[in-house]
């Protein structure tokens, strides 16, 4: 039980580190949002649930923490991505597709 | 060169902070002088007050009059902000270029609001068993109302009833203190019977005081945020 | 022993986020870095509760998980001219 | 936990706090300064937690990082965003 929990915490910490590394290395805001959202949410889930596996009496509260992380983190990152698009942050030069032009609410945000 | 000098100064400053903090025995149970009040609080606070959290037993019972002063300070700050923001003119809303929130944010705020209020209630009711207390729970409830302001604007918050709640909470706090003076010997004395240790009802009057403080702080901070948002520039 | 390696790796992650918070060209970059730091911090607090072996310390991590997104939402609503 | 690792973590936390505080002083755009101040309050909350004061850590987390950030942002909205020389 102890070893399995430690392996889970290790996977989570590795993903947290990779997400932070992506925050530094990726070229623009939208790519950084990919690293900062998916990677760190997954890593945080695994680390918290790993702690719940190591100490089985803590499992329900750890599950509650991970549930709240899973609820709140995507909302704030969605709001940040929308704010970046609305406030006119340009895309990276090498990006190939921009689907947001198809939607009317994002159509004329370039001149803001 | 300037950056190098500033970095060296930063390292020196942080080393000084760390070695200064190292001198104090944080988190350890070994306080040397046995006749200091800290030893008394650590050893006998649990039996005397029934609060498993030593910080709560100090804040609410031994130093309860001071807590009343802190709540009064917050109340005076809220009154001052209300006086600054008050305008005689009719408030007309200037919503020309205001973007409304997206659907995901609105749904998330509407879903998370009762959960956050429930969690704040948990924090201030269990203040004598786990970390937290009236101030922290009140701030969490005020954050829930702030989220409602940010997410969905169409929900109006009844400020009149919030002022009523705030005044009632203050009256309850002072009334419990005076009741301790009547039935016991001192202000804010524990006059209710105590149950088993480490259970919810072990605190006597401590949960009631914390409920009053939590409602008061939450209503005041929510009022401050509402006054800030609805004020025209 | 292995927990100390985890703590050092998480510290390195926070340092990387601080680098982006200093360098970032726009305000949105910095907000994304702050949001990442909050998620990393929640995991760090839970692991530190495991180190100290105190069950009640998980409440602080729960406060982080519940409340930290409100600051990010406020910054985002300001950037899209909402509030 | 060993003594040396504890000292290393405390030193790095204070260094991170100082770095964030210097950023909050230096930035000209006030929104960036608010973000740096939120970072400082996060690190302060971890330091309180590390010194085994969970009540103070909870107060610092809830007040410093959520409510103060939002109030500063609303105040910037009502006034000006960029600081002038």
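Note that the chains are named A, B, C and D in the order they appear, and that numbering of residues resets to 1 at the start of each chain.
Operating definition for what follows: a residue touches a chain if its C-beta (ideal position, glycine included) is under 8 Å from a C-beta of that chain, and two chains touch if they have at least 3 such contacts.
As the structure is a prediction and not an experimental result, all values here were calculated from the model.
Two chain pairs, A-C and A-B, are weighed by contacting C-beta pairs, with A-C ahead. Here the CA centre of chain B is 19 Å from the CA centre of chain D. Centroids of chain A and chain C (each the mean of its C-alpha atoms) stand 11 Å apart.
Centre to centre, using the average C-alpha position, chain A and chain B are separated by 30 Å. Taken residue by residue, chain C touches two or more other chains at 14, 31, 56-57, 59-60, 62-63, 66-68, 70, 73-75, 77-81, 83, whereas all remaining positions touch fewer. Looking at chain B, one finds that residues 99, 105, 123, 131-132, 136, 140, 143, 146, 150, 229 touch two or more other chains. Annotation for chain D: residues 19, 52, 54, 57-58, 62, 66-67, 70, 74 touch two or more other chains. Chain pairs that touch, as defined above: A-B, A-C, B-C, B-D, C-D.
On chain C, the positions that touch chain D within their shared complex are 3-4, 7-8, 11, 14-15, 18, 21-22, 27, 30-31, 34, 37-38, 41, 44-45, 48, 51-52, 56-57, 59-60, 63-64, 67-68, 70-71, 74-75, 78-79, 83. The touching residues of chain C, counted against chain B in their complex, run 56-57, 59-60, 62-63, 66-67, 70, 73-74, 77, 80-83. Put simply, chain C touches chain A in their complex at residues 2, 6, 9-10, 12-14, 16-17, 19-20, 26, 28-29, 31-33, 35-36, 39-40, 42-43, 46-47, 49-50, 55, 58, 61-62, 65-66, 68-69, 72-73, 75-81. Of all the residues in chain D, the ones that touch chain B in their complex are 7, 10-11, 14-15, 18-19, 22, 51-55, 57-59, 62-63, 66-67, 70-71, 74-75, 78-79. Of all residues in chain D, those touching chain C in their complex are 1-2, 5, 8-9, 12, 16, 19-20, 23, 29, 31-32, 34-36, 38-39, 42, 45-46, 49-50, 52, 54, 57-58, 61-62, 65-67, 69-70, 73-74, 76-77.
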